[in-house]
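Paired with chain B in one complex and with chain C in the other, chain A is shared by the two complexes that follow.
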Partner chain A sequence: MKRPATILLLPSVTILGAFFVLPLIWILILSFLGSSPTGEVVGEFTLGNYARFLTDSYYLTDLLWRTIRLAAVATLFSVLVGYVGALLIVRADPAAQRWMILLVMLPLWVNLVVRTLALMVVLGRTGPLNQLLVGLGIADRPLQLLYNETAVVIGMIQVAVPFVVMAIYGVLQSIPRQLEHAAMTVGATPLAAFRRVTLPLSVPGILAGSVLAFGINIESFVVPILLGGGRVRFMSVAAYETATVSNNLPFAATIGIILLVVAMALLGLYQWAVRSAGRAAPALQAG
Partner chain B sequence: MHKTILGTTLWYLGTLAFYVFLLAPLAILVAVSFNPVAMVFPPQGFTLAWYGTILEKPDFLHAAFASTLLGVMTAVICTGFGVLAAIGLRRYDGPLKGPITSLLMAPLFIPAVIVALALFQILFMMGILNNIWTLVAAHVVVTIPYPVRNVMAQLEGFEGSLEEAALSVGATPRQALLRVTLPLLKASIIPSLIITFVLSWNNYTVSVFLASKDWVTLPLQLRAYLQYEYQPFVAAMSTMLIIASVVLLVLVDRTVGLGAMRKRG
Partner chain C sequence: MKGILAAIALSLAVTPAALAQTKELVVAAFGGAYTDAIKKNVATFEKENGVTVTFVPASGADGLAKAMAREVDVIHADMAWAYRGEAQGAFEKLDPAIVTNLSTLYPKARFSDYGVVTNFGQYGIAYNPKEVSPAPTSWLDLWDPQYAGAVTTAGFDAANIELLVLMAKLNGGSEDNIDPGFAKMAELGKQITVFYSQHPQLLDLFRNGEVVMARWLRGRVDWARKQGVELGFAVPKEGAIGLVSTVHVVKDRPNKELAMKFVNYLLSETSQKTYASDLGYTPARAGLDLTGIDVPYGEDVVGSLLIADWKKIVPQMDAWKERWEKEVVAR
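Showing the complex of A and B:
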């Protein structure tokens, strides 16, 4: 039985080895190689690329820190909106739930460039949002809503919310409604029952949803390109431009590796922090 | 939670606001595609002319062909490899079982932009960027976790007993695979084909690094139009892509349910 099993695994392991593992090892090596002023790769070991990134405040604050900051802010809002959405669905009529889930999934199936274009229309100078703001007298003339950090964050929230909803919905569904009802029979207000019973029990969903959202947001690529309009610098876009426009392959590799390491480290740290907070406050572990 | 009239009203308003946030931009984009004048909402009239415009654009038709071919090739190869790997993984109990499982799932956890960057770099170095096979291979790599996971989840269900039964009545392992296991897997193979097709069809990140002029896909072409010709025909093109997505979504929902589409976990 062992031989056929290996044969069955061979095609996928081969293609992953050649088109996934090998390229990743290659950019790790490349990030330690030098480049000539014209961008050609020089075959000698150097820490210069990392030194260049880590000593230049442009790369550190304008690029890396902005990427982390925008991804974190977008994740916070995605979890808030996603939690409300999941709660609305889980408390809806069971017959309606199926359709509500389908409508949440729908954007995930639509091309990301299309979804981002839709936001460009909404946020544009003559777009509906500006018309609304001027019509309501909140702004006296159309605002520049596109091509700034806020636009990028809104785009990332739109992308991440369906994933967060699905993660939290799954957990909320498994919490018996009777628990909240029991809390209310012994005198808790509906809000208190939610805050003391349902919310703590849904922490695993919040954790899963926020990890998912942050992972998606920090590698966001289409959104900063289109909604940032070249004005909002982002790690993924910088790696792309360094590789294809300025043709500095080793430095592009360095940006990619730093993004990968930082994303993994932050997600690991976050999960560790939430778990140890959960241990310190046993109320969070109820059930 | 919502006992009073005020509470119920707030509840429905919240639901409405949530779905407006999620879906209104797409609805507005569809409406704009009927605007005879410019990319502006609300439309200043009604026309279907932009749909004619887009269908006459040779680069749109070429991109539609490229995306469809790429999507079909990716779906078939990826699902094929994924099914074999899932069956193989079930039978194999050597020391590499853990590492191989992790490898097959790894593309979900490494940002696609980094995989694309790495592929671009190595293929550029080897001078083999301009062909469709590298593009197909790249799309297969970033989508292979989905069929592997779908098929493995289904295999858990029937615990190999049927296959063992076939073997015990004299079937060769090959016959057992072809006549028993594969037909039973139909319920996970079909959604895997659709999902890998959709992921490939919608992919921008990997394609933008690797696609040459000859293989400009729909998302890349849409982006190019956005940059150089910002007119309602891009909304018409988007509407057609939205309709295609909705059709496939409903198809999967009707046949097998949507659980298979989750990104992770």
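Showing the complex of A and C:
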């Protein structure tokens, strides 16, 4: 390795090492320790925390599976919404594009709690959405839109979409428009041209966007607390409450480590699946 | 990092003259209006003792962590964290020779040698008088099937632990036999649509008519009325649930005696009155003249507060929290 490169890397490595890697290692160690009834960490190796989590259907289905499921559903919708948004931006004229990108980024400058509280107003009993539904005669009385899984999913979509748009926008921009035009000159309908040319070429953007969205959603914390009404249990919230209410730091660490490992495994699996599907697709089309 | 920033802030704040003799006392408190109320008369204490009092916002797990790291001299807590800190050896025994005001307190305030309750809040039943009639008189009214779906309480917090223990006691159990309590709370869980997590959220639920009855704090009901939501507040016949603020002197810190004096200051007549006038909490000190302050006060009020045996509860909290999620919250 060249010396200047090493020196330039030093600050980021130091910061990441001291404030991210080391605490993470400590959390990992903590997850294998016990906790006394009054909350002291007991310095003896144990697998008890993992056994407690992995042998209890409450932790496995009500907590872990719910977290994965909601994060996955939210990711799917984030990618759908984000893709349409990115496509619209790419197809707009360059001057408008800059403004549209700015609009997409704008929510990121507002604190997440504030954004989620705003969403509570929108989804509330007397909120604009319910007024619209009742006004249009779609519902005869205000619906319960808040404090359930749907509300949490909507909240997570709202958080993830800007990231998805940016990821897909970058890739779509690099695909020459002429490719689609060429497809259409040889008889493809606009839809077929999109489906057979643009969509496959934008897979890296979808991949990047969905990985980002899933990563953000699965560690969601503010959204399930505010929009879940105390009934939508989430891994990150459970870890927090295990530390601050139950005062069992090792078990809280265990929940955190399981969330981390599962998220990484799922993302790895997902990337592998999409990549291998991408390799298989051209062969199918040729045949 | 925080230490460095604090050090810079301090070196900027301390003037050369003060540098010569001023000692510093670091007090962890709940922050916001609570800290403001304690601060109100602190200048006198600082002058009398030649000390600068610095307040840091910390409570619960954070407060105890700061105490264990010996970063603060005095911490505020609730019953659960008080007993955890005591068990972990974080606190000094309060010295009655310095904390002379201890003798002026109601017996309920002196729950342990390692800390003291400075004031009490009252949890009762907040209700919408247009929807709930007759007015609730018992905690069991929350279970009334007539209001199913329109009642609420918070998550697994201290007051719900008190309610859980009360339900156990009313059904033949106790802190040591909590099963009857969970059976009863599970019934309540079925009638609850939303477990509230913040006060403004509950205010909104009342305002929209989604909730007509809730376990809530007296001071918060007054606040809700000021926001234009008409609410009644009932003290159930079993007793109001006590919300307590405890204070503790952290072990092995240089200014132990000053820290004790600070606790004594919090128990002084002036400070105790401020808890009532500025925060709406019931003082722990007996014999105060609170005319003109609309706060429940007196031997009967403090004596009737429901405060369970937290020394027995604390070691079971991890297991109870898990049961709460499984039996009360889950549908």
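As a convention for this text, the second predicted complex is superposed on the first by the 264 of 287 C-alpha atoms of A that agree within 3 Å, B and C clash if a C-alpha of one lies under 4 Å from a C-alpha of the other, contacts with A are read in each partner's own complex, and residues count from 1 in each chain.
Throughout what follows, contacts are C-beta pairs under 8 Å (C-beta built on N, C-alpha and C of every residue); 3 or more make two chains touch, one makes a residue touch a chain.
Quantities reported herein were computed from a predicted structural model and do not represent experimental measurements.
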Quiz item: After superposition on the shared chain, which partner residues are touched by A:G34: those of chain B (first), chain C (second), both, or neither?
Solution: neither
Exercise. Go through the superposed model and pick first if A:T244 touches only chain B, second if only chain C, both, or neither.
Key: both
Exercise. Applying the touch criterion given at the start, work out whether A:L226 contacts chain B, chain C, both or neither, answering first, second, both or neither.
Key: both
Quiz item: Once the shared chain is lined up, is A:P204 touching chain B (first), chain C (second), both, or neither of them?
Solution: neither
Exercise. State whether A:Y58 touches chain B only (first), chain C only (second), both chains, or neither.
Key: second
Self-check item: Which of chain B and chain C A:T126 touches, first, second, both or neither
Solution: both
Quiz prompt | chain A residues touched - chain C or chain B, whichever exceeds | solution = B
Quiz item: Counting only touches as set out at the top, which of chain B and chain C does A:G48 meet: first, second, both, neither?
Solution: neither
Quiz prompt | chain C-contacting residues of chain A that also contact chain B | solution = 120, 124, 126, 226, 243-244
Self-check item: Interfacial residue positions of chain A with respect to chain C in the complex
Solution: 35, 37-40, 58, 62, 120, 124-126, 144, 147, 225-226, 229-231, 233, 241-248, 251
Exercise. Write out the stretch or stretches of chain A touching chain B in their complex.
Key: 1-2, 4-9, 11-13, 15-16, 18-24, 26-27, 30, 41, 81, 84-85, 88, 91-92, 100-115, 117-122, 124, 126-128, 158, 161-163, 166-167, 180, 190, 194, 208, 212, 215-216, 218-219, 221-222, 226, 236, 239-240, 243-244, 249, 252-253, 256, 259-260, 263
Quiz item: Which of the residues in chain B end up touching chain A in this complex?
Solution: 1-3, 11, 14-15, 18-19, 21-26, 28-29, 32, 39-42, 80-82, 84-85, 87-89, 91-92, 94, 100, 103-104, 106-107, 109-115, 117-122, 124-125, 134, 137-138, 140-141, 144, 148, 173, 198, 201-202, 204-205, 208-209, 218-219, 222-223, 226, 234-235, 238, 241-242, 245-246, 248-250, 253, 258, 261-265
Practice problem: Would you mind writing out the residues of chain C in touch with chain A in their complex? | Solution: 60-61, 80, 83-84, 87-88, 154-157, 193-197, 201, 204, 208-210, 314-318, 321-322, 325-326, 329-331
